[in-house]
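Lettered A, B, C, D, E, F, G, H, I and J in written order, each chain numbered from 1.
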Amino acid sequence: MTSRPARTLETFPNPNPGRDYEIRLEAPEFTCLCPKTGQPDFATLRLAYVPDRLCVELKSLKLYLWSFRDEGHFHEAVTNRVLDDLVAALAPRRMTLVAEFYVRGGIRTVVEASHP
Amino acid sequence: MTSRPARTLETFPNPNPGRDYEIRLEAPEFTCLCPKTGQPDFATLRLAYVPDRLCVELKSLKLYLWSFRDEGHFHEAVTNRVLDDLVAALAPRRMTLVAEFYVRGGIRTVVEASHP
Amino acid sequence: MTSRPARTLETFPNPNPGRDYEIRLEAPEFTCLCPKTGQPDFATLRLAYVPDRLCVELKSLKLYLWSFRDEGHFHEAVTNRVLDDLVAALAPRRMTLVAEFYVRGGIRTVVEASHP
Amino acid sequence: MTSRPARTLETFPNPNPGRDYEIRLEAPEFTCLCPKTGQPDFATLRLAYVPDRLCVELKSLKLYLWSFRDEGHFHEAVTNRVLDDLVAALAPRRMTLVAEFYVRGGIRTVVEASHP
Amino acid sequence: MTSRPARTLETFPNPNPGRDYEIRLEAPEFTCLCPKTGQPDFATLRLAYVPDRLCVELKSLKLYLWSFRDEGHFHEAVTNRVLDDLVAALAPRRMTLVAEFYVRGGIRTVVEASHP
Amino acid sequence: MTSRPARTLETFPNPNPGRDYEIRLEAPEFTCLCPKTGQPDFATLRLAYVPDRLCVELKSLKLYLWSFRDEGHFHEAVTNRVLDDLVAALAPRRMTLVAEFYVRGGIRTVVEASHP
Amino acid sequence: MTSRPARTLETFPNPNPGRDYEIRLEAPEFTCLCPKTGQPDFATLRLAYVPDRLCVELKSLKLYLWSFRDEGHFHEAVTNRVLDDLVAALAPRRMTLVAEFYVRGGIRTVVEASHP
Amino acid sequence: MTSRPARTLETFPNPNPGRDYEIRLEAPEFTCLCPKTGQPDFATLRLAYVPDRLCVELKSLKLYLWSFRDEGHFHEAVTNRVLDDLVAALAPRRMTLVAEFYVRGGIRTVVEASHP
Amino acid sequence: MTSRPARTLETFPNPNPGRDYEIRLEAPEFTCLCPKTGQPDFATLRLAYVPDRLCVELKSLKLYLWSFRDEGHFHEAVTNRVLDDLVAALAPRRMTLVAEFYVRGGIRTVVEASHP
Amino acid sequence: MTSRPARTLETFPNPNPGRDYEIRLEAPEFTCLCPKTGQPDFATLRLAYVPDRLCVELKSLKLYLWSFRDEGHFHEAVTNRVLDDLVAALAPRRMTLVAEFYVRGGIRTVVEASHP
């Protein structure tokens, strides 16, 4: 039960490349580990992008997010990492990722990064 | 009981073509099928447009949205399709369509497309 | 009990014509009839304007809105009509009217019109 | 356009008279007149009942509520009147009506009456 | 402009004395003075009662609440006082008054009293 | 794509039959047809039950609810029907079903039925 | 208990005049009288300003707002008056005042004025 | 600036000892220290009581709650301690205290204790 | 980084065993795996209990909940399992556990179990 | 238990200095003392910044905010002070701090300051 999915993002062709339109995805089930303590962190990810030639396939996105479950990542680094991976896979016209992490030490952290 | 309405959008003349004003319609009862699995998908559609010479008649819009009930459509494609059909029927000065689909695979999808 | 008030909008002089400031009025008790079916329609009206030399008197606005109670009007037309009447009476520097109608045929309609 | 519907409540046979179950109806479009001033009053009606042999037909309920539009009624009296009419038409096992009226004189009024 | 209304509560006959039903009134515009400091206090009053032979007339209730505007009263005492006055005027079958006062010294106070 | 799933509810053994505990399921994607007009109706179903020897399997519940998509049913009848089917399949210690239908004719309908 | 405080606004030196920063104050306990009827009006005031050399002292602001308690003022005029008094006392770099009055005649009024 | 107030609760005579009525106080500004780590903890306290012969004076309650600011207390113990102190000072007919502590270790804690 | 904590629940003595009072803990960061698919499931756990001689220590509760992260569990079984473990460790006077799982197959599941 | 932490802000290198992205931190547990009265003040701090070469370490931020606990500060001054300290430690590309203080004298205060 503990084997992890490969880290791949599948795509499908944008059905309307002639129009700039926005796709927004909300994934409230992201979890990874704190690289200092090894304890779990949790976040809701909100992705918004204008596709160029490719859209991200939902099931592969789910598996991709799952692949972080056993890895240690800092809040700031993992948000930029997920954005970079999605930009590399989709080459979108523009993309924004917001990661809302749960309270740690009495403080709630949100990281927002955009491309380009 | 299973015959579907014809896919037509009726219009009526814009009562105030001399003014740019906005009409917003919220239709929370949109459903079609997933083209991969055949299972039902559900969405709330939010339409906003500035009419030029024509406005969309509400009852025909309801029947038009109903006509997708037994067809398979991807989220991104059907949103652009509905926008295209409405633009073709109304030739609005500008129009935006937002489709908010229900959670699939733990992820909520929203697609927003505009004309022009 | 069924006599209707005359359709007049009373005004009073703007106490601060030297400053551009905004007055916002929310009237959740607007009702008229559907010109097709004769059945009642209901809306909340939200008015925002920057007065020039005149402000609208609240009681006369209430009576003015009441005067539509027994008349048939389409959503788009009545919103523009109320805006036109208020613009004619007040000659405001700018004015926006938003009319939020109740659900019909599973669809909620909002009309927003502005002057100039 | 000004003819009013007859005050009748149509019913249909309860499909499950062997079970005590509850039907709740929310009608936010009730309006009548103030018997003192002749000015319009507005309310949201919330009806809950356990049917015995009869259920109320939705369209006739809508027309019934519409029939109060041009009549003068006090808040307390009209709530009891609507409850009495529904009890007479349906003979329900139990029924509760809540009428939430809009602010008058800075005070919001809610009337709740039950049978038996 | 500073004369205060007499402290009287007008009533009208309960139109349905044969039924126990509840009338709920929400008055968010109550203000009196702090008897210690003379500074204004503000509260929202929520009244719920089952009328016996009399109901309270709304306008007189508004004037009655207004009559406290220039008087000094402690939170606990004024809530019981208003309840006592209403019980004396209406002789209701049961009555509850909730007074929600605004924050003082970082603490919000609510007083709830019932008859009988 | 138009073949419908068979109407079956699969179950699995209650893992804790020695304890009365409650399972609550919320399914916001129920749709059937109006038997009078053939037009689509939509509802959110809320199920709560105390299992005896059997629990309902989620995927089969989803397919079961889907099986109503092309059938005509009145609000009151279909709510009792779904409850009856679930009671027949699970023989629960107790069960309640609430069906919240979307606005029709300006009125929102909720039906709540329980076993036993 | 009825003596009113003098209408004065005390100030203290801005601790950071080298930076444009905003102070926002929300005062939900404003009341004055209607100049037509003498009856009380109530509002929540929301003030936002960028201080230059002076900030308003909170206690004196409370007393200043209290000083309107027994005076008659129209909604539009009193909002501009409070803004003028604050601008005269503080000479802020910019200031906005929003006054949200309670429902009168079924209509809610908000007045928003800014300097400069 | 660091001297702490004495831990005393002042009272005043209940103005209506002949009636069982409830006083509810919400104090969102409670803070003490964690006895293990010395770090600050924060809570909102909600007190509800039926006074017998005495009511708690608001300002002394504020000072009493302030007196915990530099002391170490476990969540469960301090809630019972505050309840005990208030019961000792007021001898109320009944009293409930709810303490809602802020998130620690990803877990939110609420403690609710009652007398008698 | 992948070693899991031992499954132990530490306790501390109830500071007020003479009083029945309730402790409520909300833990929104529970995750385990689906025993069928191996994919992650997520839930918010809400625990409420009346301690007898022992209270649960917060940090050990966090580690205990973390210990399920890599295990496969059905919704109904894991809720009863967590309740059983807590009852075994604390022997509380009464305890209720509510587990709110995230949407799967368009359906949201909540399981509520109590002891005794 | 009363020794205070040193006022230091620790940092770590920005993992993505090549991208302008925003980090938002919400700290609802800030408290200091009123310099006039010595009584406690409470605020929620909301920080948003675009890091250049350094990010603030969460635990040191928590300790830094804690260090104000026994000091007297005016609302306006302490907000600017915290912003200045964070700017000095991080040299961010831009930073905004919003401090929302609790009600004092019936008035809620929010201070918002930005760099540059």
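Definition applied: a residue touches a chain if its C-beta (ideal position, glycine included) is under 8 Å from a C-beta of that chain, and two chains touch if they have at least 3 such contacts.
Here the structure is a predicted model, which is why all the values come from computation and not from measurement.
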Checklist outcome for this item: Touching both chain G and chain I we find none
Item to check | Option in A-I, B-I or A-J whose residue-number contact pairs overlap H-I by over half | outcome: A-J
Checklist entry - Given that chain B is a copy of chain I, what angle of rotation, in degrees and a multiple of 5, matches their CA positions? => result 180
Checklist entry - Which whole number of Å gives the spacing of the CA centres of chain A and chain E? => result 56
Checklist outcome for this item: Distance between the CA centroids of chain F and chain J (whole Å) is 51
Checklist entry - Roughly how far is chain C from chain F, going centre to centre by Cα mean, in whole Å? => result 45
Checklist outcome for this item: Contacts with two or more other chains occur in chain J at residues 28-29, 102, 104, 106
Next on the checklist: Please list each pair of chains that are touching.
Outcome noted: A-B, A-H, A-I, A-J, B-C, B-F, B-I, C-D, C-F, C-G, D-E, D-F, D-G, E-G, E-H, E-J, F-I, G-J, H-I, H-J
Item to check | Parts of chain B lying in touch with chain C, wherever the complex brings them together | outcome: 12, 14-16, 19-29, 51, 55, 58-59, 61-62
Next on the checklist: Under the stated contact criterion, what part of chain F meets chain B in this complex?
Outcome noted: 1-3, 28-29, 31, 33, 35, 38-40, 42, 66, 69-72, 102
Checklist entry - chain A touches which residues of chain H in the complex? => result 102-104, 106
Checklist entry - Which chain F residues qualify as touching chain D in the complex? => result 74, 76-77, 79-80, 104-115
